[in-house]
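Here chain A shows up in two complexes: once beside chain B, once beside chain C.
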Partner chain A sequence: MSPEQVLHDQLAALQSFLAVGAVLFGVGLIGFLSRRNMIVMFLSAEMMLQGVSLSLVAWGRYRHDLGGQMLVIFIIAVAACEAAIALALVLMLFERKGNLDIAKWQELRESNQPPFEEEWQPPEDKEEPPQWPHLPPAGVLPESVSQKEFYRRKV
Partner chain B sequence: MSASQAILPLGTALAAVGIWWLLPGSGMRRRTLGGVLAVIGFGFLGALVPAVSNWFTSGVFHAVAGATIVAAVATISFRNPVYCAIWFGMTLTGTAGLFLLAGAEFLAVATLVVYAGAILVTFLFVLMLAAPEGHAYYDRHSWEAMISAFTGAVLVGILTMMIGSAMLKAEAVQASGPAPTLAEPSVPAAAQPAPYTISRLGAELFTRYLVAVEVAGTLLFAALVGAAVIVTQGRAAMKASAVTREGDAVHVS
Partner chain C sequence: MHSYISNLLILIPALPLLAAAVVAVFGKRVLREQSHWPVVLALAGSCAASVLLVFAVQRAQQDGPHEHLVKLWTWATVDAPVLSTQYSVPSTPTSDGEAESKAPADTPAFRMDIVLRADSLTAIMLAMVTFVSTLVAIYAKGYMHGDSGYWRFFAYVALFVFSMTMLVSVSNFVLLYVFWEAVGLCSYLLIGFWFEKPAASAAGLKAFLVTRVGDFGFALGVFLLWTTFGTLDFHDSKVQTIPGTHGRAATSVVYLAPQEINDENISGTVQHGIFGDWRLAQKSPYGDIPDATILAVCLLLFMGACGKSAQFPLHVWLPDAMEGPTPVSALIHAATMVTAGVYLVARCTPLFAAAPDARETVATIGCFTALFAALIALTQTDLKRILAYSTVSQLGYMFLALGTGSQPGVTAGMFHLFTHAFFKALLFLGAGSVMHAMGGVIDIRQFGGLRRKMPITHWTFLFGCLALSGIFPFAGFWSKDAILAAVAEKAAAVHTSSIYEYLYYGGTFAAFLTAFYTFRAYFLTFQGEERIPKEAGHHAHESPPAMTGPLVILAIGALAVGAYFQWTGDFLNPNGFLMQTPVLTALKAPGAEGAEHGSLHLTVALISTAVALAGIGLAWLFYLARPDLAESVTKSAKSLGLYGLSHGKFFIDEIYAALIVRPLEAFAGLLAWADRHLIDTLVNLVGAFPRALGAMLRPLQGGLVQFYALVMALGVLALVGALLW
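Showing the complex of A and B:
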């Protein structure tokens, strides 16, 4: 392969890895902004870390430098710390409010912000009596088989 | 060039609309349509990625990257958080595959072992501990799904555009003149050192980055103590506040 071809391949590989990293980061961002479950928000944050790690590894490969991989090793270590702390916090927040909804903690917002109002109310559980279908009698009337004859009373 | 310039915004916008409709809070038909749109949008983005000359490498990369992105979108769009966690495990597996393709074998294994093996299992453990039965109402609704989807899409679009233009610039510089700083690895392959071996990684980690390793170890220790303190102290505070509330009630009555 010619040097130009090698360079083009390396650049193409770098570009594709960076694109995947960017997409992972973006998807994680969307999840973090839009989901309301604290644990799913945290999963999205971890996904953003994955995107960054991918970019770092790609750059390290392109420049033939181990620094990128080193940084990712430390990212994994820090992510483990973060997971331990955050899961302990989430567990405590859950025990305080009884669910994982981040909107339950809206009193922590800025004092000049309007409160979040839930537009959607959980539906009330209405126990409606089941409506059984009425089948019209059809077909040939079976010959009358008396239950007394059919089943033995005693063994 | 103009075609690819048009494809990039189109693909990002389609993917954004798809993710918006896939997020919890929309009906079944919109979700299906959103899935189709997201696949088309990400397909456009994937078509923009330049192919390397080895078709096998290219194919494997596209397959693994596609699986990773599909799993990532599924992670944020499923309503049941347990499914979200399992799809996140799939994303991690895909990322480990991409690490492997990039020549980072140690990181691939570490991602699987540490992330998918330990962190994800802890997530599932907390979910099982905390999740109420069935689908909770807050899992069925998103905050401002449209705005956040388009925010993410704009970010991805800008990043991708930057990557593309940087690559074009590097190629132009390479064609016109001497090796630029971006094109450092254009030294002949024989002259380069063996790119990545795990022994080289380990040697570097415990010589050049030794202080960082110690700091990371201290950080892990602090996090362990912190997690224990948060849980025990928080429980104690809750118990104390419950006792005072009971006392107030008795006093009032």
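Showing the complex of A and C:
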């Protein structure tokens, strides 16, 4: 293999790695921006991180420099810690509002700005009061006075 | 001897100041109804000190005119280099070496020492002020009894006496101005003493504002004096500068006594005061100053005097000042403060002597005011206002006398000031006594025939009226005669185009009017059938001894002081006590010599007595003997419009309102509108711009995490795009 060929192969590999990294990053970004579930958003953020890590490794390999790989190992370790903290936070937020929707947390807006409101509301499931069969009255009514006393004594 | 005079001189203002402080601090809670004690005691002490001062000054004058100076402390010093970069310290047009000596480099360019002076003029003024104020304070104990502001009144009075005694004893134009304003402040406070009454507070404001017009001229006069002379001291001083050692500032020692200044062993520069010995010893004291400057200074100072002494264009405040308590009217607006203008002109006699045109202005305005105020007084119905116009008129007499600029004139003016203080204070206190008995009614049409109900007030008031009318041998006779004689003498001495001749006739006619309106008030109040307004209630009886006592003492004064001092010659004699004042020595210059000075001019005296008796007779005819005659005269005067002119005070207030007050109010309204609508709009716009910008950007901060993330991503994209592009 001529040195030119080697160089060409390496460049092609780099391009492929970078393309995959970019796709990972882009998908993660779109996910982060478009999904409102906090866990999914966190997953998307992780995906962006992996895309960047991948490109770092690719560059490191291309330049025969182990610094990139070293850095990625660091990133993975840190990301693990960060995942633990982030999931704990998400859990706390979920406990506060009973919901994972990020749009429930907008208290940090300017004080005189109106809150963001959903334009589309999911149809509420209406609970119809149950219709019981109507029965005609039967038997004799007990005497009202004694009934009152009876109840009162019971209470 | 010197320290004795110094102690007296310091004691005289210090006692009232101390009393004012004591009453101001303890009056409301501790002293309450006893607040008069510290004031009366302090004023009596001041009065005793003043009398001792008069004798001490007289003893010190064994060998010629003498002034005694006491330096208390240095109030302000401005170093020469600082000032000389801003102002060129004036040099005189002659500029032959003498000019440089005035502001040498090693003396401060501007220094103001608090220096008190004792000379005859000051001693007389001090004695008069403290004597009248003591009596008025005793009187006020009875008059103000039960007033809710009792302690406040006495605190103000003591403060006033302090200011007035300082005014006449300081030796510097700036300090004179300071105390000039201080007496104006006390006057304002006391006119508006019953400030719940709208008329009283308005009168206080009016007095303050109108006198400010004059004070503005006075201030300009002081500025002009400073730029002309480079000093504002009356006296000569020698300043020795002691250089500082090791970080200490240089100190300067001031020598004031003539022998110290002439001492060759003291190194230092001599500063020649405006009325200092050096200048007065010259043949023409202000020969190095242009005539126009002297004239301007004199006219500006006279403008201040006009404001304070209620002369013609600025007289409008004094009659309204009668809204104050009557003791105040007697003390401030008759006897003492209003004579400050006369004192100022008398003190500046050497300046006025150098400006004949200014003298003629003073005499003309004085004579005009005397006539004008007397004409207004003819038809007034408020007893206190009649006396107020009479005060304006008598002050006009004093200025007429000072305006002659001759030795008999100036001394006669001061003599009239002195006697006037007695009988005018007496008349005001008498009016206050009447007012007290009549339950606050002061309109002479409402009461009459009070001679039996109030015998002491009646007799003392009659003495005051006789003195004011100038009837022999009461005080007013001697001083008024001296003034008219001086004017007549001046008219005879100046032959060409003499304005003084007309002034003499004017003064004589004013004497007739004075007698008429004085006795009109007297007859309507005390003679005729007894009429008592229903407001009087059970008050219609003689006033308590605290009020009648001062009346009696002042009545004796009104009877005797004129004849006594005419006999001793302290005022009028060319070598008398008053003429020992250094500033008046210029009058003894050879040019100013007339016939025999200080003697009684028989013709003038006869004429003035005759016109005064005619005035009294006319008043008797109109208001006692033939009231129908008075009515028919009034009716014909009304049909001619003369009565309305006099009754409406020549509509000066209305003219001022139309010419000055209303246009200024309209202008102020315009400015207020512009401020509210133009300026405020502009300022609000400046504030509104960032606010609008903020409102535009504010929706970005919506609180949605994903929106922030989107903006961040877009921002990164834009950054990357910019880097790549």
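We take it that the second predicted complex is superposed on the first by the 120 of 155 C-alpha atoms of A that agree within 3 Å, B and C clash if a C-alpha of one lies under 4 Å from a C-alpha of the other, contacts with A are read in each partner's own complex, and residues count from 1 in each chain.
What we mean here is this: a residue touches a chain if its C-beta (ideal position, glycine included) is under 8 Å from a C-beta of that chain, and two chains touch if they have at least 3 such contacts.
These figures come from a predicted structure and were not determined experimentally.
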When chain B and chain C are modelled together on chain A, clash or fit: fit
First (chain B), second (chain C), both or neither touched by A:77: first
Touched partner set for A:29, first chain B, second chain C, both or neither: both
Dominant toucher of chain A (residue count), chain B or chain C: B
Partner chain(s) touched by A:12 [first = chain B, second = chain C, both, neither]: first
Which of chain B and chain C A:108 touches, first, second, both or neither: second
Smallest separation of CA atoms, chain C relative to chain B, angstrom: 6
Shared chain A contacts, counted only where both chain B and chain C touch the same residue: 29, 33-34, 36, 102-103
In the complex, chain A residues that touch chain B: 1, 3-20, 22-31, 33-37, 39-40, 42-44, 46-47, 50, 53-54, 57-58, 60-64, 66, 69-70, 72-74, 76-85, 87-92, 94-96, 99-103, 120, 122
Chain A residues touching chain C - in the complex, by the definition given at the top: 29, 32-34, 36, 41, 102-103, 105-110, 112-113, 115-116
Chain A-facing residues of chain C, complex: 698-699, 701-706, 709-710, 713
Of all residues in chain B, those that touch chain A in their complex: 19, 23-24, 42, 45, 48-54, 61, 65, 68-69, 72-73, 75-76, 81, 84-85, 88, 91-92, 95, 98-99, 102-104, 106-107, 110-111, 114-115, 118-119, 122-123, 126-127, 129-132, 136-139, 141-145, 147-149, 151-153, 155-156, 159-160, 163-164, 167, 170-171, 174-175, 183-186, 188-189, 192-193, 195-196, 200-201, 204-205, 209, 212, 216, 219-220, 222-224, 226-228, 230-231, 234-235, 238
